[in-house]
Every structure is written in structure tokens, then in C-alpha cells.
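Structures are listed in the sections that come next.
Look at the two complexes coming up: chain A is in both, with chain B in one and chain C in the other.
Let's turn to the complex of A and B:
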């Protein structure tokens, strides 16, 4: 265990050093990621000055909902960047190098690299949105709600990790999975920031059952905020995010383990 | 002129090679539209109009700005990459105007995107939504003319930012920030009818509303007589101003490059 920590810190140190070699450029690039991701919520802020609420969600509640997506992604990308870019690793034959080292493959992948730029950009945005909204959404922050919130964040990270572990396993067979990721993750993520009750049944089902973003932010936020549109979903959906995360990750892990047996190097 | 059209044609044909890419492009365009359509449908909550703006006008605003976004697609790292790889020296030796060549390559991309992404996406969108027809033949023609002028405004802004690659280590961050500003304040993410008054008063003094919003307003027949002339003049004025700024940075940058190369 101690070994794993020191490995993580060694990787993190070298990663940060490379990334922040050019200081001014890194600051501008981090700010750019922050603003690019904030654009949608800034536009919503202006829109809600006119419309007040969207399906009874006001701007603070909406920022709270968004904050969960960004905080979980910020943490997710520290651990799972290698899985996000796994098809590139296969294409360039980098996996062979990893396989030769005296640690588990997945352990190395999870620890090895963080997209610090994305982590800072998304993570900071999430924290800013949380700070702006947390005291204005009628949530009483006590031991129970704080614990629920922390567990929800962990579940959200795990769910997204599981999704990318699935993608990585698929890229063992198909190598190029950029488009799959584009549709199933990035496009659905655009929908996931907003209350899912504004969408039709098809998009809602995708967000609940296929790529369960709803358990990353919507249902956890509902537990804390109790908006009327929750009536359309079973009550227990608000309690199962951790199980969704653990089960999905376990399934993804088994599939990945199974798929790695078929791994063929693409050569040099 | 023919040379430059060839540059556009090559870009167009390059895009043709990636068939799967353009299927994805259509899907992306439809989904981008769908998100905003759902959001505004929920915001309207069944109301016919808010401040005299109907839901189908909002829909039309999103469709037109999405179409123009497709048409206005450009490779914003073009100059940056040429400078960083050092190939800019060879490019400048070629007997073509570098800036025109950039413009026409972008036009080739834009034409491709409009024909193969935007038009199919509109056809798909028509299955689930109502889009306002243009207010008339005159409105539609004026809309097209102002869209071309809007393109030039946007292209000039992009060109100015790209020339900063002569001085900066990387312009990716600045290009991204510039696009965020354009997306929010020129009507791509938020129809400018709903922009708060104080913000709109600032936007009026920038080129931002000349890019997407003027064509949208012309299409819907929202502008009359004097206003039409005013908006066209504004677009032309910004084109002139931005052209001068662009030339300023470009000539300085080229001079700096020559010094470095020596």
C-alpha cells in the first residue's frame, strides 16, 4: 500500500513538472479549460435572469447540480486519464512497456498519469460552483448530509471510471474507439449537467440505465434538494449511487480482465 | 483566384475521405441542437411567448447559429503549427498570398460542414421541431449577405488571435477563451434577446452581435429600413477595423520571424 502511494506521488511530481514547465502558458490553458466548461452555466445564468427557473430549478440549484459533474470529473481525471486515452496507448504500443514492469497493469494505468490541466480546470470550476451554491440551496450541512455528499462524489468518480474501463476493454478489440467515447460519454455529458426531467424518455433512459450520469449528479442532488420533479422516479434511486458505482466498476473490471487475454500488440 | 479555389477544393475533398467522421459530425450537430432545444422548451414551460419572442423564434435562432458555426469552422491552429514547425518559411516563398490561402482552406472546410453536417442535421431536426420560415425572399437574401459579412468578421478576429503565435509559446488557451467569449456573447449559447440590458449595451459596441445575431434578425424580418442599413454598415465597419488590426499584427510578426530566421 505504501508502495502504491509513493508510486502515485512520484508520477504526480514528474507529471506536474512537465505540465507546468511553461508557467504562463499553463495558467492560461487552465483558465481556458475552466472558462470553456463554464460557458454553458454562464449562458444559463443570463437566461435565468429572464426565466427565473428551469423545471422549478433556480440558478443556485442548477449550479449545485453542475458542481457534482465537474468535481467528480476533476478527481476522475487524476486517476483514470490513462483509461481515457487507452486506445492511444494500444495504438502506440505503450501497453507492452507497462506489461514488462513489476506491478499490475491496471494499477500502473490508474497511478501513472493525470491530466493535471483538466483536473485543475474542471475541479476548480466544480469547487467554485459548489461554494457559490452550497449555502443557497436550502441544504442543512450536518454530519449526515456531508457524509452523503462525500460518498456521492466517490460514487460519481467510480461510475465514470467504470465507463472508461469499459471503453478501454472495447478498444482492445477495436483499437479505435474515439467516436464511441464521443457519443456515449462526451455528448451525453452535455445533457447530464441539467435536470434530466427536461428531456424525453429516451434521453432520460440513456442517462439512467446506459451511461448512468444521473447517478453522478441528478439523483444525489435530489436527495439533498428534494425538487418536485423527483416524483417521476423511484424514491430509492437517490440511495443507490454507491452501489451503481461499485457494481458497474466490478463488471467493467471483469470484462477488462477477460479482454486483456486477447490483447495483441500493434507492433512498434 | 483559381489557385485559391483549388486550396478550398482540396480541403473539401480531404474531408470526404473520412466518412465515419462526417456521420459523427451530423450526430454531434443534432445533439448540440437537441440539448438547447430541450433546455429552452423547459424554460418556456408551455408559454407561447416571452417578451414577444416565441419558442419557434428561439429554435430558429439556434438552428441558424449552429449552421453558421458549421460554416465558420476554421483551423485556428494553422498559423501556429506552421510557425512552430518552422514550415512557415517555405509557405511564404510560395507565390500565393498566405492569408488568402488560409481563408480559402477554411472556406473549403466550411462548405463541407454545411453540406454534409448542417443540412442533414436540419432535416433531422425538422422531424421534432418547428422552424420559422424566412420572413420573405428579400429577408432571406439579406440574411445570406450578412452571414457572409459575419463570416469575415469572425475570420478576422480569429486571424488576429492566430498572429499572436509569433510571440507566444502556445495560443491554444487564448483561442479557447476567445471562442468562449464569442459563444456566450454573440448568441450561440444564449439568444441575444434574453441577454440582460447592461450586458447588451456593451455588446453593441463590439463586433460580437455582427456575427450571428444580425443574420438571425434579418432572417426573421426583425429589422426594418434604417435598421438594416445601420446593421450592414456596422458589419462593414468592423471588417475594416479588424482588417487593419490583423494586418498590423501580421506585418510585425513577419518582421520578427525574419529576424529570428537570420
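Let's turn to the complex of A and C:
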């Protein structure tokens, strides 16, 4: 375990050193991510000055909902960036190098590929939204709710990790999976910021059963906020939410393990 | 005799390749009814390599060299046959096995473009769990041997190709592997740079008794470093032995370069072919086969009948021999 940490720090150090070769770019990159994502939130804020609520969710509750997306994504890109970009790794033959090193393949991928600056951009925005909203959404922060919140964050990171682990396994067969990721992850992520109850049944089921973003923010937020639109879904969804991540990740891991046996390295 | 460290028995590897059909209709039908072609990349290859040997692996593009090396290094499974290296089965015990090998890809650096070699070595140290003392010793030694003092702390993007390659070789050796695979380590490097790399590899092979496998297209690499040569073509092993014995046993043609004092109307000697050397009409190349024409006879015929200024017998060039082997003009076994 100690050894895993020391490897993680060695990778982190070299990753940061690489980024700071280009000092201006790194500062701007963090700021750019922050502003790009914040712009969406600001637009929502002004819209709500007019409408007050979206399906009974007021601005504070919506910011709370969004904060979960940004915080989990910020942590996600610390650990899963290599999986996010896995088809590039395959295309360039970089997996061969990973296989030539005496460590688990997934261990190396998870530890090596952090995009720290983008993580900082997303994470900071998530934390800002959380701080702005946490005390204005009627949640009593005690040991139980804090624990639920922390586990939900971890679960949300794992859910997104599992989705990309699954895509990575598919890349082993098809190499390029960019469009699939575009449709299934990036587009759905845009929906996922808002309460899913505002969408039609089809999009709702995608967000619950296919790429379960609903378990990243909506159901964990419902556990804490108890909004009336939860009535449309089984109540136990809120209670299983913290475990969805680990279960999905385990399934994706098995599929990945199975698929790696078919890995054909690209020719020279 | 050293003991066998690499034992490869009858390995085969077939790839399934989608046949590309042309045209719009073809690409649609490709999606729904893909047709596959089976390509035997490696077809029943066996060999043994002893500890400390330095073996050159050559063959034309697509011959199966890379596939063989990938199977040896644990990246690919063979479809059939067995591989045993230093007591491991590479594709089954990948993690334990690869701690014992180093791989240098001439076309694919393992050190980071934006960092100095030393920064990249730090990460490698953690990946391989190299003990501090050994790490320091190796860095010092390789810096000295590979003449890296000047650039070890410079970002790799500022290095020349030759310097980068040296830094890469050191990276593959930091964990003191028993076996090192070099995949075209001198590609694109100038003559001086190539010499440096070859002499380092040779030194290390002698002093540390590291077993080395070398794939390359540059026959000079092989001539200057390897005692043994394995030629692969079309997935099969064509030849396994020393470079000298190819020259001795399989190549019976020789070339005489003769410069004439005055040009004869016609060179009339049996069983030879005469060709020009560039634009110099006075110089001719006379190719003959030692089996059908004795060199004594040919020389005396030349010297007695023609007015000759200068004459020399040329060794067959290794590049030409290898080309003839690939083209099937020389059958080796």
C-alpha cells in the first residue's frame, strides 16, 4: 500500500513538472476550465431569477445538485484520465509499454494519468457551489449525513470510472470509441446537472439504467433534500445509491479483465 | 558453455484481419458481413539462446520479427507452442517476468518529452521498485558509459535523436535486467551516434553478461555487435547461425573490380557477367561464381589477355546477401 502511494506521488510529481514546463498555459488551463463550467451555472442563475424554480428545485438546491457533478468529475480525472483517453493509448501503442512494466495494467493506468489542472478547475467549482449551497438547502449536517455525502462522492467517482472502464474494454475490440463516448457520456452529462424528473421517460431511463448519472447526483441529493419529485421513483434508489459505484466498477472490471485477453498490440 | 536462458518451441501466431472491400457498397457490407483473412504472422519458430549471448533478429518488414519479439516480451500470447525465459512463461507470469527484462524501442521513447531524462528515471525507479543504492550506482555508471553528463538534466525535447536514444537505453537498463530487447535502436541516428550506441551495447553485454536480442534493418548493427544471427521471413525461421558462416557457406559469388589501361573491344571470358561502374568506362565489375570458375584461372585470363592497371577482389556485401536471401536467390538452411 505504501508502495502504491509512493508510485502515485512519483507520477504526480512528474505530471505536475510536465505541466509547469509551460507555466502560462497551466494557469490559463485551470482558469479556462473553471470559467467554462461556471458560465453554465451563471446562465442558470439568471434564468432562475425569472422562473424561481425548476420543477420545485430552487437555485440553492440546483447548485447543490451541480456541485456533486463537478466534485466527482474533479476527482474522476485524477484517477481515470488514462481510461478516458484509452483509445488513444491503444492507437499509439502505449499499452505495450504499460505491459512491459512489472505492475498491474489498471494500477498503472489509474495512478499515472492525472490531469491535475483540469481537476483543480472542476474541483474548485464544485467546492464553491457546495459552500454556497450547503447551508441553504435545509440539510442538517450530522455524522450520518456527512458520511452519506462522502460515500456518495466516492460512489459517483467510481460510477464514472466504471463507465470509462467499460468504454476502454470496448476500445480493445474496436480501437476508436470517441463517438460512443460522445453520445453516452458527454451528452448525457449535460442532462445530468438538472433534476432528472424534468425529462421524458426515455432520457430518465438512460440516466438511471444505462449511464447512471442519476446515482452520481440526483438520488444522493434526494436522500439529503427530499424533494417531492422523488415520488416518481422507488424510494430504495436513494438507499442503494452509495453502493452503485462499487458494484458497477466491479462489473466493469470483470469485463475489462476478460477483454484484455483479446488485446492485439498495433503493428509497427 | 552458459546455460540456456531463452527456450522457444514451435510458436505460432495467427492474426484475424478484416478484408477491406472497396467502394461505398463494400464498406457497408463490411459492417454487416465482415470477411476475415487469417494471416500467419509466426509459423512454427523454435530456437534457444544461451545466457550472455547477443543475437540479431532480422527479416524484411512484415516477416514476423515484431510479433516474435512481442511474444517473447509477454505482450502477446502465442496460439500454440511454448516459451520459457529465465524460468518464466512470459504471457502467463507477465508481472514477475517483465521485472527481468528491458525493452528499447527505437521508434517509441519511454522517457517523457517535456521532462529531463533524470525526472523520467525517478518515475521508473518507483515503477520497478529499484533500491536507492542500486539506482544511484546504475545512474552514475550509465551516465559515464553513455556520456550523458551534458544532457541528463535537460528536457528531452531539446536533445538530439542520438542523445535521446542513449537516455532511452539507460532507462531500459536501470533495473538491471537479465535480458534486453532492442528494437531498431539506431534508426535515424548519424554514424557517430550509431557507433556510440553499438559500442555501449557491446561493452555491457561483455561486462554484465546481459543476454541481448537485437532487431534491426541495419546490417552494420548486426556485423558490429552480434555473433549470432536469426533470419525470419514469412513467419518462418530461415537461418540461425553466425554471420561469417553465411558468407562462407552460402555465398559463392565474388566480384572482381578491374581497371583497364586501355579498353578492350569486348571482354571475352566464360561464365562471368561484366557490368560498368558508374560512368567510368575503364572500370568494370566482373561477377563470377567460385563453383563454376576458379579464381586462379580467372585472374590469369584477365592478366594475360588484357592490359590492366588495377585489380581487386571484393568481399560479398552483407546487405546484398541478405537481400538475396529474402528474395529466395540464396537458400539457407
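By our rule, the second predicted complex is superposed on the first by the 267 of 268 C-alpha atoms of A that agree within 3 Å, B and C clash if a C-alpha of one lies under 4 Å from a C-alpha of the other, contacts with A are read in each partner's own complex, and residues count from 1 in each chain.
By definition in this document, a residue touches a chain if its C-beta (ideal position, glycine included) is under 8 Å from a C-beta of that chain, and two chains touch if they have at least 3 such contacts.
Just so it is clear, the structure is predicted and the values come from calculations on it, not from any experiment.
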| item | value |
| --- | --- |
| Clash or fit, chain B versus chain C on superposed chain A | fit |
| Inter-centroid angle chain B-chain A-chain C after superposition on A [Cα, multiple of 10°] | 90 |
| Which superposed partner A:36 touches (first chain B, second chain C, both, neither) | first |
| First (chain B), second (chain C), both or neither touched by A:182 | first |
| Chain A residues touched - chain C or chain B, whichever exceeds | B |
| Which of chain B and chain C A:3 touches, first, second, both or neither | second |
| First (chain B), second (chain C), both or neither touched by A:16 | neither |
| Partner chain(s) touched by A:251 [first = chain B, second = chain C, both, neither] | neither |
| Which of chain B and chain C A:103 touches, first, second, both or neither | second |
| Nearest Cα pair across chain B and chain C, whole Å | 12 |
| Residues on chain A lying within both footprints (that of chain B and that of chain C) | none |
| Residues of chain B touching chain A in the complex | 20, 24, 27-28, 31-32, 34-35, 38-39, 41-45, 50-51, 168-170, 172-174, 176-177, 179-180, 183-184, 189-190, 194-196, 199 |
| Complex interface listing, chain A residues touching chain C | 3, 6-7, 10-11, 13-14, 17-18, 21, 93, 96-97, 99-104, 108, 261, 264-265, 267-268 |
| Chain A contact footprint on chain C (complex, rising order) | 15, 66, 70, 73-77, 94-96, 98-99, 101, 103, 107-108, 110, 112, 114-115, 119-120, 122-123, 125-129, 155, 183 |
| Residue ranges of chain A touching chain B (in the complex, touch as defined) | 22, 24-25, 28-33, 35-36, 38-40, 42-44, 46-47, 49-51, 54-55, 179, 182-183, 187, 190-191, 194-195, 198-200, 203 |
